[in-house]
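The structures come next, written out as structure tokens.
One chain, chain A, appears in both complexes that follow, with chain B as partner in the first and chain C in the second.
Here is the complex of A and B:
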């Protein structure tokens, strides 16, 4: 069964105790600042690259999950949350304080490519500047924005100006001769193939893509600020539904629930965990169905067959989820310590509806294979296009189906178990093709695995003794986690590792709430896949990444 | 056609002979209920405006415009189960030049508002807007956000608001049908005050902010100025 990790015996896979790590880093460590999830080492701001390369090359921490920055009364701080792709339970945090008056710290970009965007975001929202960064500009807010909105002295009532550069063509200046075939093409922010409001700045040479630069921030809804101004118990939970809004709501809610429950030390009853697992996998099916629908729309360009079929299957899942949670899309179903209510009555009806859905699923998956994956034109468009080698995927922190389509065997449901996943029988799907086709195939096979999980959950729930149906733990009305406790916890969302970093300050609201969005890191790989390919392949690559802008921009 | 019927339906008043003559020998498929209602006359009398409004209301071309969460429900509205096309308004057009209704499905943020205004300006007249979801009414759950425009009406005029977060597809269908009714009845779009407009940078009032940005932005570049303190 592939639930067990393959044996790895090389040096990097050895688990080191925090003290051994400290010894490895030697003088680089200024002091210890342990987080609830991992040991934390405080280092000087000019030794970031040195520290991270030791951890990456000698200790095997090859996954930079996220860079979360924040401002304190007396300093700025960037935290690099590191993990191992082989065993994500081995974590370490590198804490880099920066001066309050002149917040400069060294960039980690030469060590981890993914730090590029994460540091730009930290600069944009918090105001930390990164030395040696290749391109330190704003990423989410307009270029002309005044102030850094998550810093302490930000005045949100001040007027702002946003520009609309009409027909901007940065190439014009340099390419005035008639010989050159280079042209600049804007795709988006309003474009049917960008899955929302994404702007791709593409430079073309003939029909070939020389460079593509995703320009994001057209849906930056200040999600982190919204979470920071809500109380842990009830006010934050509605927002996760709106990060990855492709009805992956329960998966996102779980990310917040997991982080907050571990922070406040809440034990979730087993019965609630089974319901959570079942609901989350229904969401995964719905999300992957939409990924399939829009991918077929992008590649085949038809608004008819595949799209309609997949939406039809989504409707079925959404009906089930509506029965379970009371809403079609924004469920708000999880509570800290459990779920909000039990399965709908009569239970038998819900179970039989779910089973009906599961029974017809293999047939419709077969249908998709007939319609999409065995279609010759589709294969020509997707096989061997948008290549993402596993090493590059790791360097960019790609996770989820994107990483698994490149053969990176990384799934938090198995590797860092939560919920009821470790009790159930299912497989992690990987494909070695590294191309657009593999990524789609991973999603389609994952739908079948999710169906397996749901089926087992239904069996369990059906036989659950009535007196033991405990849907919520006893949670205090107001949660006040300990002062200055810090935690980073992630779950396997529909698009990959969806993590939450929370720092508490002793009040009932988080002092810092940082969302690690899988799409944000996945989208960063687009230039790697697209450069040198033809323009239709860019569209196919973008579709196979299955980004959702609500989660990219947050 | 609107509620008062402009043509004669009372059988006794129609000269039926010609009609009968014409109908005999023809396949049934030529004889719709509408044809029967028209009677012998191949002409109808109505006001040209009224006729045009009826046409507009009965065949609307939507702009394929996805912003945020609501666009997922909007896609469901177009697709199999709910099928907005039943009401003659379910064919999304990718280009604003071909569309006459824009459904605004989601939160408008500062970076996107000028682009949305531009897309709206590119649509040919007459154009109509359906605001979908709470975000287009007031900013919805994100109203407090530092980057969020407090409702789409700050930027473009809106004909119909469909509340909900997100509205169910049924609600959107209802909203669109209501809009069609209004258009068919020739009710004009409401005129709203639009505080945020695209203008050239040089036309802005000189103040501290404008002075500060003066060396970054060209005078003739289009900009949108947000006065967050005055937003509702």
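Here is the complex of A and C:
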């Protein structure tokens, strides 16, 4: 195939070998730097847009998962992890080294809108500057922060003075410009509907939203840095529970487990995979129930019965998870190579409790459909509001129920199988409405799919021969993956593609640990959904994104 | 209409205690007003800290207050002390005295409305303070003063959320007041009077008799369409779900009452509850036969209380079950839907009344 061929979908869908890709990119490639998950092409820092456009338009790599940046002894480096929405197993990494003294690299924002925030984060934490970036400001740390915390010469003992940023005074007059009579409104960081400490800088024209700019970072806890100072084997696993803390803990743990297991080449016993699959889907139900509950709060008002009903159902899953893991939120149940312990004894009791829950679930879902989705006022409020067209969703790297609510058929459980998913019978749910209603409906239907998965897992576990119940592979006490091995691995979290990038340096701790948070990318789409809509629609759109600030800010 | 107007509460006091002259009438009127006002406030006291919690809990599968006193009833004084003991925070830059007056106007206007409501008899006492010939117009006038309070609070609070809430309150009231009153006028056409006692007594006749049961000629039965219209508009008038748009805690925090704390906050809440009861009272008088019900006329007051509490329950049910409509949708419903329907109802009623009479 030649470069001149027009871009067709067929062309984009073709799976190319790394060498073919290298040929496609031609002179742009300086050298190869392959990662464990994907071929890596090192390019010059001023050819980022050109390279990414070719990969996006001619090779069909339309999903920029994450931008991970890091500092080496002799250079800075940004890595663009690309995938295809149609087939996420086709991956490619674009490695962009930048000068140590003057770390400037071209921005990918004109090619992938999602690069906006990812590059701001790289600038904020590592200090790489992106040329041609529309708005290169700090994103997680306060604007007045001195230094870049993940860079090598950062002095962590230096006191920081974080002054109140602009617009901190909610009473302050603010107009977009002198002529217009718009009103500036701070929604959050303390607001009933921001689902945590999120700050929306909103410009209003009457009740309509002219502009909304999410301001994040209030819950930044240096999760990446903490993971970098923990050992692979034991010290990192408790952290993932704290990212998406809305009871999606096992899904998060799996993200780290998958990345680290592939990095260290650990094989997980099948029995453990089934347990993991079951636990993860329980977490998904719990997370989606909370999403439904809080969405009802946002749309119905704060005394809605739906909230308590959904919380009740979540409580039932929570009890099962407590039985399984011994914890209610911070499970710390996965281990590299398996899970920490077997199902609780007596097993029959656990199975029957799980089955009871599954039996009662269709009735609950039916009730939610009666109470929520079939309510005319609810439909009036949510259908055709918060529109996110599929192309925009892809451009922003939206994943999970947000993307599937826009008809993007992308689910890593099916498309990039892990665990026991490919052995089980279940469906990926998509809706074509692209609106708030569709996103909610996707979650509600996913709950039913998760129930199907759990049921099959329970069947499998029940009949599993006792002598083959191997919950953990043999994993060395201390893991020291090969020097300079790099991997990006993702799982389907409750909110979307939760990925981990790890670079090892031969020690027992990762040299770089980067979390690709689905909420972070999903939240970026909020202005697209909200601009031109009414305040209540913005609140509904935010609710339908189902963000967890713990995961956005990390 | 047919029956002679019943003795009003102040007149009863004058007669019973033999209070002489104008002064006696004033004293009697004050005592009567105090009694009625306290009955309404007592309802509010039970509704706010206790009944509301219990009802919401029942809707959401919870138990709610059950530790303080029997059935948790002592939560009422406990909450009262707690709410009043809180610090009254006066934010910087509020527009006084408007900011201080607003929380007084809301309960005051709603309480005023009760002055013309015929609440029925309990024994010899007829809980009806005044029965002017324009009582029906008066009660709507009183009820809609409430929106003045909301705008005042919203504007004086020096808070953007409050301002939005205040503006929403005006837009909402304009959109719903007209259909509400036009629908009420169709009842006036039926009754042929604006006097509250006249409207009530017009509903005492029997509409039809089914299997030995007399169905009274309540306007809810005579004209169910108008009843539904009125009920909907009434929900918007008192600002309850699905029309709690001026407050909308998940959107504009708490709207006009965002900046109010302590006693002022209590006054707002009190006002809202009195307003709900007033809405229920207007509904009962207009469409549900006022204090009429099975049994002797001397227990009519009990029926009246049942009706307004029934309406309260209805608002709480709506609050637990229904989503909130958006402000532009509400205005569309009000101006494009309800207004047209209410005029259609009015014209139709006029024709029917004209043909029959």
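In this section, the second predicted complex is superposed on the first by the 526 of 554 C-alpha atoms of A that agree within 3 Å, B and C clash if a C-alpha of one lies under 4 Å from a C-alpha of the other, contacts with A are read in each partner's own complex, and residues count from 1 in each chain.
As a convention for this text, a contact is a pair of C-beta atoms (placed from the backbone, for glycine too) under 8 Å apart; a residue touches a chain by one contact, two chains touch by 3 or more.
Predicted model only: the values in this text are computed from it and were never measured.
Novice: Determine, under the contact definition given at the top, whether A:192 touches first (chain B), second (chain C), both, or neither.
Specialist: both
Novice: Counting touched residues of chain A, say whether chain B or chain C comes out ahead.
Specialist: Larger number of chain A residues touched: B.
Novice: After the superposition on A, what does A:391 contact: first (chain B), second (chain C), both or neither?
Specialist: In the superposition, A:391 touches no partner, neither chain B nor chain C.
Novice: Counting only touches as set out at the top, which of chain B and chain C does A:381 meet: first, second, both, neither?
Specialist: The second partner, chain C, only.
Novice: Looking at the overlay, does A:482 come into contact with chain B only (first), chain C only (second), both, or neither?
Specialist: A:482: touches no partner chain.
Novice: Just to be sure I read the superposition right, which of the two partners does A:549 touch: chain B = first, chain C = second, or both, or neither?
Specialist: In the superposition, A:549 contacts chain B only.
Novice: Is A:218 touching anything from chain B or chain C once the two structures are fitted on A? First, second, both or neither.
Specialist: Only chain B; A:218 stays clear of chain C.
Novice: A:207 contacts which: chain B (first), chain C (second), both, neither?
Specialist: Second partner only.
Novice: Looking at A:312 after the superposition, I want to know if it touches chain B, chain C, both of them or none. Which is it: first, second, both, neither?
Specialist: both
Novice: Give me the intersection of chain A's contacts with chain B and its contacts with chain C, in residue numbers.
Specialist: 191-192, 303, 307-308, 312
Novice: Which residues of chain A touch chain B once you look at their complex with the stated criterion?
Specialist: 140-146, 149, 154, 156-166, 189-192, 195-197, 217-223, 225-226, 229, 238-239, 242, 245-247, 290, 303, 307-308, 311-312, 314-315, 328-330, 549-550
Novice: What part of chain C is in contact with chain A in the complex they form?
Specialist: Against chain A, chain C makes touches at 56, 59-62, 92-93, 158-161, 164, 168, 241-242, 244, 248-253, 319-329.
Novice: Residue numbers of chain B touching chain A in their complex, please.
Specialist: 64-69, 71-73, 75-76, 79-81, 92, 94, 96, 106-107, 109-116, 118-119, 141-142, 144-148, 165-166, 168, 198, 201, 204, 209-210, 212-213, 216-217, 221-229
Novice: Where on chain A is chain C touching in the complex?
Specialist: Going through chain A, the ones touching chain C are 170-171, 183, 185, 191-193, 207, 296-305, 307-309, 312, 371, 375, 377-378, 380-381, 534-537, 539.
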